[in-house]
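Before anything else, here is the set of structures, which you'll find just below.
Okay, so subunit A shows up in both of these, paired with subunit B first and subunit C after.
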Partner chain A sequence: MIFVKRYLIPRLIAYFLVIWVGITVVFFIPRLTPNDPVMRMIGEMRARGANLEPGAMDGIISDLTEMYGLEGSWLDQYGAFWSRLVNGDFGVSFFQFPAPVNQLIGNALPWTLGLLLSTTAITWIIGNMVGGIAGYYTRRRWSRAMDAVAMVIRPLPYYIFAFALLLIFAYLVRWFPITGGASLGALPSFTWDYIRNVLWHSFLPAASLIVLGGTVTFQTMKLLVQNVNAESFVQYAKLGGVTEDRIVRKYIIRNAMLPQITGLALSFGQIFSGALITEIVFGYPGLGMLLYRAILNGDYNLIMGITILSIVGITTAILIVDLAYPLFDPRVRYV
Partner chain B sequence: MAEKQQTILRTQNLQAFYVLEMQGAQKIVKAVNEVNLQVYENEIYGIAGESGCGKTTLLKTLFNEIAPPLRLIEGKLYYRINDAEVDVTGMSADEKRRLRMEYISYIPQGSMSVFNPVQRIRGTFQDFIGSHVSGKNREQVFELAHRRVLELGLPRNVLDTYPHQLSGGMRQRVTIALASVLNPRIMIGDEPTTALDVVVQRGVIQMLKEIQRSLKNTIIMVTHDMGVHANIADRIGIMYAGKIVEEGTTEQIFANPSHPYTQFLINSLPKFGDKSMRDSVPGSPPSLADVPKGCPFHPRCPHARDICRQQMPDLTRLNDDHKVACWLVGGQDG
Partner chain C sequence: MAHEFSRRDFMKFLAVGTGTFVLGPTGMLLAADFTAAQDTALPGTFPRSETLIARILTGRVGTPDNFNHWVGWKWQDRGIQNLADEPLWTVDFATGNIVNGSADAEPTYNDDFTSLTVTLRQGVTWSDGEPFTAADVVYTVETIMQWDNFNAHNFFVDNVETVTAVDEYTVQFDLKQANSRFHTTFLDRWGCTRIFPKHIFEQQEDPTLFTFNPYVGCGPYKLHSFDPQGSWTAWEKRADWDKSPTGILYGEPQPRYIIFQYFADEGAQILAQLTHQLDVAELSADGLKALLAQSTSSRAYQPTFPFVVNNDPAITGILFNTAKAPFDNVDVRWALTLAIDIAEYTSIAVDSSGTLSPVHIPHLGPYPADYIEPMQDWLKAFTIEVGDGETFAPYDPTAPQRVADTARSRGYAFPEDESFIAQSFGLGWYKYAPEIAEKLLLKNGFTRDGNNMWLLPDGTPWTISFLAGTVLSNHDARNAAAAVQQWKKFGIDASVYNTENMDGLGAVGDFDVSGAWPAQEPWGAGPDLYRTLDRWNSEYIRPVGERTQGIYSRWSSPEMDDIIKRLRETNPFDTEQVIAIGIEGLQEAVKNMPGIPTYGYIGFVGWDETYWTNWPGSENPYNAPYTHWPNFKYMTPFLRPTGA
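On to the complex of A and B.
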């Protein structure tokens, strides 16, 4: 098939090439920084009051160096790194030693996925529905009022908005908890009590994401619908006496959705780096929080594990968009 | 054109302005200004004039598509429906919608973006026809659509193509097929030949004429190209600054152009065997937001007199069907 030879194979090659380059960059950048994790670890041990003799010190240094995969030249390290990576092994965390990176990511991932998959979907659905209706009835007063509200919310810096929510609803009126993904000591289980506990903890972080993200989606969709509505093919359909419901469904929404579908796929791809600021502000135990700690501690392996997940997530999302787009837009053909 | 013809569409002192709010100030664009038209059954009525003089707006108004910022300020618009003259300006949105395609249809410019880019031409036919015909009749109309497409020299598979796969000429033919498929009494075309090259243009003109002849309906067609009017129109209205300034049969307009503006339009046409540069109309048309007092053409008119700067002349009858609004030609006060 021409499609496979002329489009699919080159596209897949590009896909793997991008991932390879991304991971390679992620491998070398920490090694170019002056931060030496082994010496840092030793420093920490000393700070905790450990008394190390010079002989024992050398032993610890070589043990740590081996453990961290920092033995030999960069090229040796790079080779060892890939052979571990293809087996799905990201090595051990430097600072939550000896927990494997896989395990740390595995613990954090469900929190991030749970929060971000649901908020991304809710944001997208509500933002597009409300934005679409407001864009179609753009001359109505309520539509302009919504525009005005969006214009106030949109420029708020996210962390200030998030802190304000936290301050008001967790600190002042105490409707919601200040921090965490679930109450301390609550055992994960499929009981209504536990689920309610998780939902209660996730409410403020989710609300902060949905309100600000939804505003952006709302404004984008409103503008898209206004623009499509002014296109000649919509005007022509109106002049042809096509029924309003056909025009809205098959002409306006169908065309305005095209960029939004791409946007949704890309947002899903970005989930793997977590919602960094959200998780920090609300003390939410997801990947973003994990990444934040890893960066603070210079935890190479953990940083690499999360970053690689993120690189693969985003490139895969783009690949899917590229391959699926012709299904939505007949003007795009890959032959 | 001998015996008295039945009127199909009539306007009475039609005024449609764009009312724009700009930072508190109101701007009024007088795009259709006191237009009195009478269009007959079984004729092709051409409307000519430079770009920006209000032709598209006049067509929208005649099509009863008056939506903000365009507003009907005054006047009446009558269609002759089932032998009765109906004032259509007060119709509900749904009544207006029903008339379209069935009674009066619109031929847009067949530009790149005139059809929904994400559906096949067949889908557009189904939407347009399905919005007006239901049940068993729909099958018959689709049959007819197929036949019309073939009659108009379009390839059979045109219905299975996407709009971007068609040439400009093909898209234009599809719009004409679509406009004629429910056998409307009136078809309105806004520059349907303008974007096409000359050869394709000739084909499209021929096609419009044939459809008009077989349906015995009325075509109202706008183009700024007097050469096209000479080819297709039975009668022509010359528009300037939102007003009809001259009207007559095509022969009258070309043989005896009486408004200085009409003379300029005709003289700017290239003539066979004449290689000299053609004169274009001197100056540029006025902004319709700020129309000169008196005859709006006076700043560009080589024959302007005092009265032209003071008062707009009425449209007066020269003979039979030939009318002109100019102080030079028998225009009287008031």
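On to the complex of A and C.
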């Protein structure tokens, strides 16, 4: 009960408060920008050659404002927004009218989750394993070589690195496709051919994220292990005759892992923002481009839909880490 | 006895879960046979030798399963306008002609332009086999008038009194007021009011929410399939292509399948064409150079420098906000024009590959013969008042030669004959006369400071913020870069302001100078300039802060209003009269220079000739060269498969 009263309830209150504040801020910020969705739509349609007669413009503005549900004060819109949200409805996209936001997110989310969940997990596991070992055996030649490789790769701009992969593996040796989430003509289905096709298309985007992200995790973990290794309790254990294997697994890696676990949770939470540059370079579908286009076009409902997912994702990840910390770190107790 | 879930259990559970999660997909990927997978790049549905692949211009389709382009924006260049739809009329900017599509002839107006009759082409069917008749046209217009959410609703409500089917192939419109250009709402120029099939739409409870999937049109192609993520849309040649206006007019389209594919990255687009996975690429200037340098099978629109598509019906340049000082002063606008060395300017902007135009329409199609050549004498005689009774003739017919010389000095080789120079670089522009620009500014109270930088009449430094978009290869940004460099050289503190909200700021007048087009694009076919001139109508101007309805320069004049009024009262098919009034309009614009026309819009198209040849290049411009334009369907019968 003490855990519930002193820790769980305050944490849950903070959790819901952060979500409410986040959603409210995201509701008002797009409305404070000069990006008016009605004007953006008119501008886009004009730029694309749609037939909008100058004399009919006032009527078009009025119709679009009504169609988008942007009539009334911001407070009225805010109230209407919450009444929709509690029913799980984000409304319709303005720019992709009349497609519901739920449908647009539902189409893009599996691609983003598929790519980023797997690459985040792979990056974290490989980066920490290799970084941990290299950090412990920091004076070995192979450890220094790996550090040097990481030092070279890590500063590379992501776009350049991703395009280099594309150039080498899609153009020069032609092992992988140049663009898209699946081949032209391949329609989604639960068949081995389609799954294999998607995996084949996902390989280069995933590789670009894993290699660059992995070097960051590798270097962080290596430094953490080096620091823990220099702690007096590790030195004492060594002097006390504890086996090296036990020191590495129980004394060093476990302690060095703690900040990495927090980092992993935050990385999972951020997945919902998508991976914009990956999507651009590899023509990969996902939430990143959907959000980018929504911001450009002042598509309030779509911006809200995606950012709410992100807000809930990050705050939930933090809450889970907070609550699960005693399971990772025996020193932490909530009772 | 219940087992307590310990920390150790949790860690094991986590390890097993993560291992499965990571190793599952990895194992599947490793098990995949990459060689076999590569063969599925074009699954058997689309034999490559019978398939043409083009890049979709407007990006990933946001509404892949919705083809109802009468409401909102529906990525109509994914094949809707360019393959599956057939409008009543289409402009062909390559030939300067207007193509009668589902209409059989140009419309006939009554004497006071309050009524018009349209005759439809007979023997046309929709792609589902139903006949296309006057009932479809009447139903389309009446339905659009009935439902608020259709894009063209207000236009038709404002203009149409009644629309009736006189017989199966004749439609009569009675208008609420005289409108001699009413028919242009059906004239396709990258967008128009299209006709929808009555037999399908009349079954819908709310036609504005109808997704219209699969699309049914009168064009020669029908929908085959599309990616639910909007990456591609595939179209298949109709078995009854001879029942489409394209088939009737030009014969059988050659590609069996046409796919529009999305590329977000230009590099990926180039790689796709180099590997023959993309037949039509649309690139930046540097992208086209890179493609041509690497490929042995790709070609550009022109076989030699300047390579580019230079017959797009839009004039690029510089737009002044004439509602804001000092750009409300015509002397200032002319000073800024004369401070530009156009040869240097185009070398900065487009590597000297632009075609100049001294007037507010581009040098292409019918316009040189109808307007720019006949205006040469007037342009040469035209003078501006410099001050103290001095006048200056700003026109320079040698400007194109100066641009050509600059290009040659940069190592480009191209024919030297006059006709090539005129076709590629235009007929003339304005002199580089900084000394005259200086006099014009001094006349209006401007001064220079100790650093030779210009000060406004009130003594404060003159700064110019040039509004442009964020895509630096687009022509608004290219003009901005060149103009700012030229004006800095002249002593003005000019800079470029790149923003995603260029259109929004332009519309409400929150800018000094912009890279938006200096004049509304003309139709690109036929001599009528009403579309261009009418945007300078004073009726459309709104105060700064409100979205203006005309062109963003917010300029007009009583003289221009009178010209527009007379043009409106003129039959658009009375060529002689239309040109005479159009010339007056262009002269009025030159005198006032509310925006500086520089060079015509140029496109950078790369065609791969591995699978398809006979592209409409400059040596054989039988059709507009873009695959995103509505005219692409008219190109398809002329393409030739190589059999590769």
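The rule we apply is simple: the second predicted complex is superposed on the first by the 302 of 335 C-alpha atoms of A that agree within 3 Å, B and C clash if a C-alpha of one lies under 4 Å from a C-alpha of the other, contacts with A are read in each partner's own complex, and residues count from 1 in each chain.
We adopt the following convention: a contact is a pair of C-beta atoms (placed from the backbone, for glycine too) under 8 Å apart; a residue touches a chain by one contact, two chains touch by 3 or more.
The shown structure was predicted, so the numbers you read here are calculated from the model rather than taken from an experiment.
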Exercise for the section: With the two complexes superposed on chain A, say which partner A:99 touches: subunit B (first), subunit C (second), both, or neither. Expected result: second
Practice task
Applying the touch criterion given at the start, work out whether A:232 contacts subunit B, subunit C, both or neither, answering first, second, both or neither.
Solution key: first
Exercise for the section: Would you check which partner chain A:166 touches, where first means subunit B only, second means subunit C only, and both and neither mean what they say? Expected result: second
Practice task
Look at A:330 in the shared chain and tell me whether it touches subunit B only, subunit C only, both, or neither; answer first, second, both or neither.
Solution key: both
Practice task
Could you say whether A:281 touches subunit B, subunit C, both of them, or neither, answering first, second, both or neither?
Solution key: second
Practice task
Have a look at where A:240 lands relative to subunit B and subunit C in the superposition and call it first, second, both or neither.
Solution key: first
Practice task
Have a look at where A:17 lands relative to subunit B and subunit C in the superposition and call it first, second, both or neither.
Solution key: neither
Handout entry: Superposition-derived comparison: subunit B or subunit C, residues of subunit A touched
Key = C
Exercise for the section: Identify the partner contact of A:250: answer first if only subunit B is touched, second if only subunit C is, both if each is, neither if none is. Expected result: first
Problem - Those residues of subunit A which subunit B touches in one complex and subunit C touches in the other - result: 328, 330
Practice task
Give every residue of subunit A touching subunit B within the complex, in rising order.
Solution key: 139, 231-233, 235-243, 246, 250-251, 254-255, 258, 328-331
Handout entry: subunit A partner contacts - residues on subunit C that touch it in the complex
Key = 7, 10-11, 18, 21-22, 25-26, 28-29, 32-34, 37-38, 40-43, 45-46, 53, 58-60, 62-63, 66, 71-73, 76-77, 148-149, 151-155, 157-158, 185, 189-193, 208-209, 225, 227-232, 234, 259, 261-265, 267-268, 271-272, 274-275, 277, 500-501, 503-505, 507, 534-535, 537, 539-540, 547, 549-550
Problem - For the subunit A and subunit C complex, residues of the former touching the latter - result: 34-36, 39-61, 63, 66-67, 93, 95-99, 104, 107-108, 111, 117-118, 121-122, 125, 163, 166-167, 170-171, 174-188, 193, 195-197, 199-200, 202-203, 279-283, 285, 289, 293, 296, 324, 326-328, 330
Handout entry: List of subunit B residues in touch with subunit A within their complex
Key = 63, 65, 68, 96-102, 105-106, 108, 111, 113-120, 123, 127-128, 130-132, 162, 164, 175, 178
